[in-house]
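Listed after this line are the structures, all set down as C-alpha cells.
What follows is a pair of complexes built around chain A, which joins chain B in one and chain C in the other.
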Partner chain A sequence: MMSPEAIAPAWRSKLLLLVAALVVLVALALLPHFVGLYQVQLFTYGLIAAIAALGFNLLLGYTGLLSFGHSAFFGIGAYTVAFLVRDADIHAMELYILIGVPIAALLSALLGYICVRHTRIFFGILTLALSQVLWSLALKLFWTTGGTDGLRVPRPPLLGGMLTFTGSGAFSRFINAYYYYVLVIFALCVVLMWVIVHSPFGKALQAIRDNETRAAFLGIRIRRFRWMAFLISGTFTGLAGILWAPLNGLTTPEILYWPFSGEIVFAALLGGFRNFTGPIIGGVVFTYLKSYAVATTEYWQMLLGVVLVLLVMVLPTGIVGGLAALVRLLRGKRKQAA
Partner chain B sequence: MGILTLQILNSLYYASVLFLISAGLNLIFGVMRIVNMAHGTLYASGAYVTAWMVGRGIAYGVPLYALLLCIPVGALVVAAVGAVIEPVLLRPFYRRAEEYQLLITFGLLLILQDALLMIWGGTPRSADPLMDTFPIIRFGGFVYPGYNLLVVGIGIVAAIALWAIIYRTKFGVMLRATSQDRRMASALGLNVGLIFVAAFAIGCFMAGLGGAIIVPIQTAVLDMGIDALILAFVVVVIGGLGSLQGALVGALIVAIVRTAGIQFFPEIELAVLYLIAAIVLLVKPTGLFGTA
Partner chain C sequence: MTLLRTIDLRKQFGETRACDGINFTVQQGEFLSLVGSNGAGKTSLVNLISAHLTPDSGQILFEDKDITNTTVYQRIRAGIARSFQIVNLFDGLSVHDNVALSVFSRDRKTARVASLADHDADVYRETMEVLAQFGLLDKSTFLAGGLAQGERKLLDVAVAYALRPKLLFLDEPTSGVSTRDKTQIMDTVSSVVRAGHVTAVVIEHDMDVVFRYSDRIVMMHEGRFLADGTPEQIRANKDVANILLGAPLAG
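Up next, the complex of A and B:
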C-alpha cells in the first residue's frame, strides 16, 4: 500500500510534466514568429525525424530490440504518397495519411511477423536484410519507382482543400502552414506514444526487455507482444515518411537504403533511448547536426561518425540521459550543502 | 556449353571475392562476437590502397609483373589499420551491450568512408593494367580474362590457408579456445588481447585482399564497401555467423544466384538474394552451418 504522502508527489510530478509539455508546445507554436523561413523548414524536418525516432524507440528503448531496418517503414510511407500522386492523382494530405498509415501498418505487421522470431544481433540483421529488399526493388524497378531519379511529390492542399498552395509566395505559405500541420500531428503522436508506454501493454514490453524468462512466467505472450510493438513502431515511422514526402518534394531510394536506418538509430541514441523524450530531442538535434555538418564540410559523414563514437564512449545515455544525470548531481550537491 | 562454362567461371570468381569478405567478417564475429559494420569499408580500403600503389608504380615505370605485389601489400596495409582499430576503438566495448558494439562499428564505417574520400577524392580509381599481365583465354568462341582465374585461385588458396590456420596450428587452437570461452582462455594464461588483435587483423587482411584483387577488374568507388557489406551479411546469414564452411557455401550460393539473376531476372536479383537470406533465417535461424 502506498501512503497518501507517496501518491501526492506522483500527482505533482504528472502535473508538472503536463505544464512543461504545454509550455514547450506553446513555444514551438510561436517559433515561426521569431525565426526565418529556412529555420522553420528545418525544424519541420526535425519534428518529422522526431516522430520516426519516437516510433523506433518503442522497439529499442522499451522492447530491447535494435532494428536496423526502419528505413523500410519511412520509405514505404514516402513512396505511398508518391504513388498516390502519380497513379491515383490524389492531391490531399489527409488522404495520404489515411491511406498511407494502414499500408505502413500492414508492412510492419508483415516484416514484424518474420523478425520477432529473433532477438539481439539476428533481429538487427534480419530487419536490415528485409528492408534492403524494398530498397533494391525501388532502385531496380525503374519504370515503377523512377530508380535513382525518384518520384516527385508536389505540395498537397491541406485540411481537405481549405489551404492550397499555388501562385506567388506559395513556398513560404506552404512551409509556414505545414509546420503547424506537422506540429499538431507530432503532438498527437507524442501523447499517443506516452499513453502506449505507460499502459499495461507498455509495462509488459519493458518487462520483456528486462527479463524475458520472468515475463514469460508471468504469462506474457512474448512473441505476440514484440510483434505488436514492432507494428506500432513501424507505423509511427511510416507516418513520419508520409509527412516527409511533401516537405521534401521528392522521394528517392536513399530513404530506403540501410544507412538511413542507421541515421534513425543515431537520432534515438543521440537523444538517449532510455528516456521517453530522448528520441524526440535526438530527432530534432540530429536534423540540425546533419544539416550543419553537410553545410560546413565535405566530410560530414566523418563528423557524424566521430560524434557517434564519442557519444557511445562518453555519453551512452544520450543528451537527455546526460542532462538528467547532471541535474541529479547538482541536486545531490545542494542537499549536501544543506 | 560455352555460356554455361562462362557463367560457372563468373560465379566462381564472384564467390571467391565474396568468400574473402565474409570469411573475415565471420572470423571477427566468431572470436570477438562483434558484427563489424565497417568491414565493407575495409574491403573498399584494400581496393583504394592497391589502386593508388599501382598508379604510382606505373608512373615510376615499375614493370607490371612486379606491381602484382601491390595486391598482398594492399591487404597488409588494411590489416595494419585493423590492428590499430581493434585495441583503440573496439576493445573498450566488449563488455557493453551488443547495440553499442553495432553502433561503434557503424560510427567507424562513417569515419572510414570519408577518410577514403579525403585521401583519394571522389573519382573512381582503377588498376586495370594489372589485368594485362595475364593472357586472355579463348575457348569455344568465348574470351575470358586469365586474371579472373587468378582471383578464383586466390580465393581457393585463402580458404585452405584459413582452414589450416584455424584447425591445424597452435594459434588456431588458441583462437578457437578464446572464441568458445574468453574467460577460461584467459585463465589458462592465453594473452586474449593479442589473440583479438591478431584475429581482427586477419579478418581485415581478408577483406583488404578481396578489395585488392578485385580492383584491377572493377574500379574502386566509394559505395563499393557499403554494397559489399550487405552482400557479406547475406552470405553469413545463409551460411551461419561464425562458420568458415558457412562462409564458403554462402558465398557460392550468393554468387550463383547473382550470376544467374543478372542473366535471367536482373530487376529483382538483389531482392531474391535478401529473400533467400530471410527464408534461411526463418527456417534455420543459425544459418546452414552456424552454431551461434
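Up next, the complex of A and C:
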C-alpha cells in the first residue's frame, strides 16, 4: 500500500481541488447579486456552452477524436424540447431533461456506431456529414420543424411546477431562477465528467488517445471504448441543447449547422483541450467573446477568425494551458531565486 | 509441457517470405531467445502469434487450442502478451497509470465509468508491486513520456508483464540503450519473469545477452528456422556463427 508520506500529498492536492471548486461554486452562486440581468443571462449561456464543450472534449481531449458534428447533439436536445412543447403540450423543464437526455443518448449511440469505425480526418468528415443531414432535414421539413422560422419554446415551470413565470417581472425572475437551475446541472455535469475521466474507463480512453496499438495489446477494446466515449460526449452536448432551448426561446436549424459545431470546437480550443477545466473556461469565454464581437462589429466572424488564428499560433494550449505554463515559469524562477 | 506450437506457419510480403513454414514450439517456463539478422522474420513471427498480423496459412496452437483465427483481444485473454521493438507507451499518462491499465484490463475493470481509478486498492497495490519489481517505484508519478530510454524500455516490459500473461514476447527489450543499461534491463527482466513463472520469448540481437540469459535459442534466417538448441549447442553451431558474425563464435 501507499506509504503515509506518499498519501499525504495526494490527499492534499485533492483537498485543494475540492476547496478551489467550492470557492468557484460559491462565487458563481453569488454572481447574480453583483451583476445585471443581461450578464446573468449571458453567463447562463456560458455555462450551457461549457457543458457542451465539456462533453465534446471527452472525445477530443481524452480520446483523440475531433468531431465536427456536435451541433447534431446540441440541436437534437433543443428540438426535442421544442417538439415536446408543440406536439405533446409538455411544459416542465424536468420532463424535457428526462425525455431529451435519452433521445440525445440514442442519437449519439447511433451516430457513434457509424463514426467510430474511422479515425482522424475520416472521423471528422463523417461527423460533419451526419450533422449536415440533420441540419438539412430541419431546414427542408419545415411543416414539422418550422424551417428557418424555427420553433418557439416558452419559459417552462421549474422544479415540478414550484417555480412558474407569468405576469409582470416574469422574464427577470425566470433568468435569475434559470441561472441557478443551470448552475446546479452544470456543477453535476462537472463532477460526473471529472469522475469519468479519472475512472479506469477514462484512463483507457487516454491510453487509446496516446497509443491505439498498445492499448489494443492491453486488451482494451478500442472501437467499443470509442463508441462509449462518443455516447457520453453526445449526451452531455444534447443536455446542453435541452437547457439552451428555453433560455433562447426559439430553436432554429442554425444550431444544427456546421458553424455551430465549429463554435464548440473553438470553445474547447480557446480554453485548452488538454486539461479538464479548459473547455469549461473556453465555453464561458467564447460566449462572451462572440456576444461582444457581434455587438462591436458587423464583421464579427472575421474578428473571431483572427482570435482563432492567434490562439493556434500563440496559445496552442489555450487559456488554461497558457496560465499553467505561466505558473510553472514563475515557480521555476522563484526556485532559482531561492 | 508445450505452451505454444505453430504448424507450417507462412506469411509473405510481396516476394519476401517473412515466415516460410515455421514449426515453432515454446515449452512452459522457459526463457527463449529468438535471434537472427535483420529481416530474418523474427518480429513477423511474433506479430503472427500475437495477432498483429494474419498468417497466409498454417496453424497456431496455444495450450493445445487453435487460436489461428482469434483476435488480439482473445489472445490477450488467453494469456499472450507482448512488448514492442519501438517503445510503445502512453506518454500522456503517469508511469503508475501505464502499468495500472494492464491490471485493470486483466481484471476486466477498464469499462468502469463511475469509480475513480486510483481508489481501487487492489489494483493500486499490485501496480506498485510491479513497479517495485522493475525498479520504477520512485518514478511512479512521472509522465511516461518524461522517462529516460532505459527506463522506458523497462516500463514497456512492465506494462506487458502486469497483464500476468502465460507467454510474454519481448521484442528487442535492450535496443537503443547503453551497454551498462542493457545488463541492468536484462537482469531485471530475467529475474522478474523467472520469479513470476512466466514463459518468455525474447527477440534480441546482442549475442552476449542471448547466451547469458536464455535457456534455449532459436535462430531464424530468411523466414526459416536455422538452428534450435541450448546456448552451448548454438555456440557450437557453425551455420549460426557464419550467418551472425561471418566467423566462429567466441567460446
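By our rule, the second predicted complex is superposed on the first by the 334 of 338 C-alpha atoms of A that agree within 3 Å, B and C clash if a C-alpha of one lies under 4 Å from a C-alpha of the other, contacts with A are read in each partner's own complex, and residues count from 1 in each chain.
In this text, contacts are C-beta pairs under 8 Å (C-beta built on N, C-alpha and C of every residue); 3 or more make two chains touch, one makes a residue touch a chain.
Predicted model, so just to flag it, every value in this text is computed and none were measured.
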- [ ] Report for A:Leu130: first if it touches chain B alone, second if chain C alone, otherwise both or neither.
- [x] first
- [ ] With the two complexes superposed on chain A, say which partner A:Gly100 touches: chain B (first), chain C (second), both, or neither.
- [x] neither
Open item on the list: In the overlaid three-chain picture, which partner chain does A:Gly318 touch, first (chain B) or second (chain C), both, or neither?
Closed with: neither
TODO: Would you check which partner chain A:Ala215 touches, where first means chain B only, second means chain C only, and both and neither mean what they say?
DONE: second
Open item on the list: Tell me the contact category for A:Phe68 with respect to chain B and chain C: first, second, both or neither.
Closed with: first
Open item on the list: Let me test your reading of the model: by the given contact rule, A:Ser199 touches which partner, first (chain B), second (chain C), both or neither?
Closed with: second
Task: Comparing the two partners chain B and chain C, which touches a greater set of residues in chain A - done: B
TODO: Check the residue A:Met228 against both partner chains and state whether it touches chain B (first), chain C (second), both, or neither.
DONE: second
- [ ] Flag every residue of chain B that touches chain A in the complex, lowest number first.
- [x] 35, 89, 92-93, 96, 98-100, 102-104, 106-115, 117-118, 226, 230, 233-234, 237, 241, 266-271, 274-275, 277-278, 281-282, 285
Open item on the list: Please output the residues of chain A touching chain B within their complex, sorted ascending.
Closed with: 60, 66, 68, 114, 117-118, 120-122, 124-126, 128-130, 132-133, 136-137, 139-141, 258-259, 262, 265-266, 269, 298-302, 304-309, 312-313, 316
Task: Of chain C, residues touching chain A in the complex - done: 50, 52, 72-73, 76-77, 81-82, 84, 88-93, 97, 100-102, 104-106, 109-118, 120-121, 124-125, 128, 159-160, 163
Open item on the list: Please output the residues of chain A touching chain C within their complex, sorted ascending.
Closed with: 1-2, 10, 195-196, 198-204, 206-207, 209-211, 213-221, 225, 228, 232
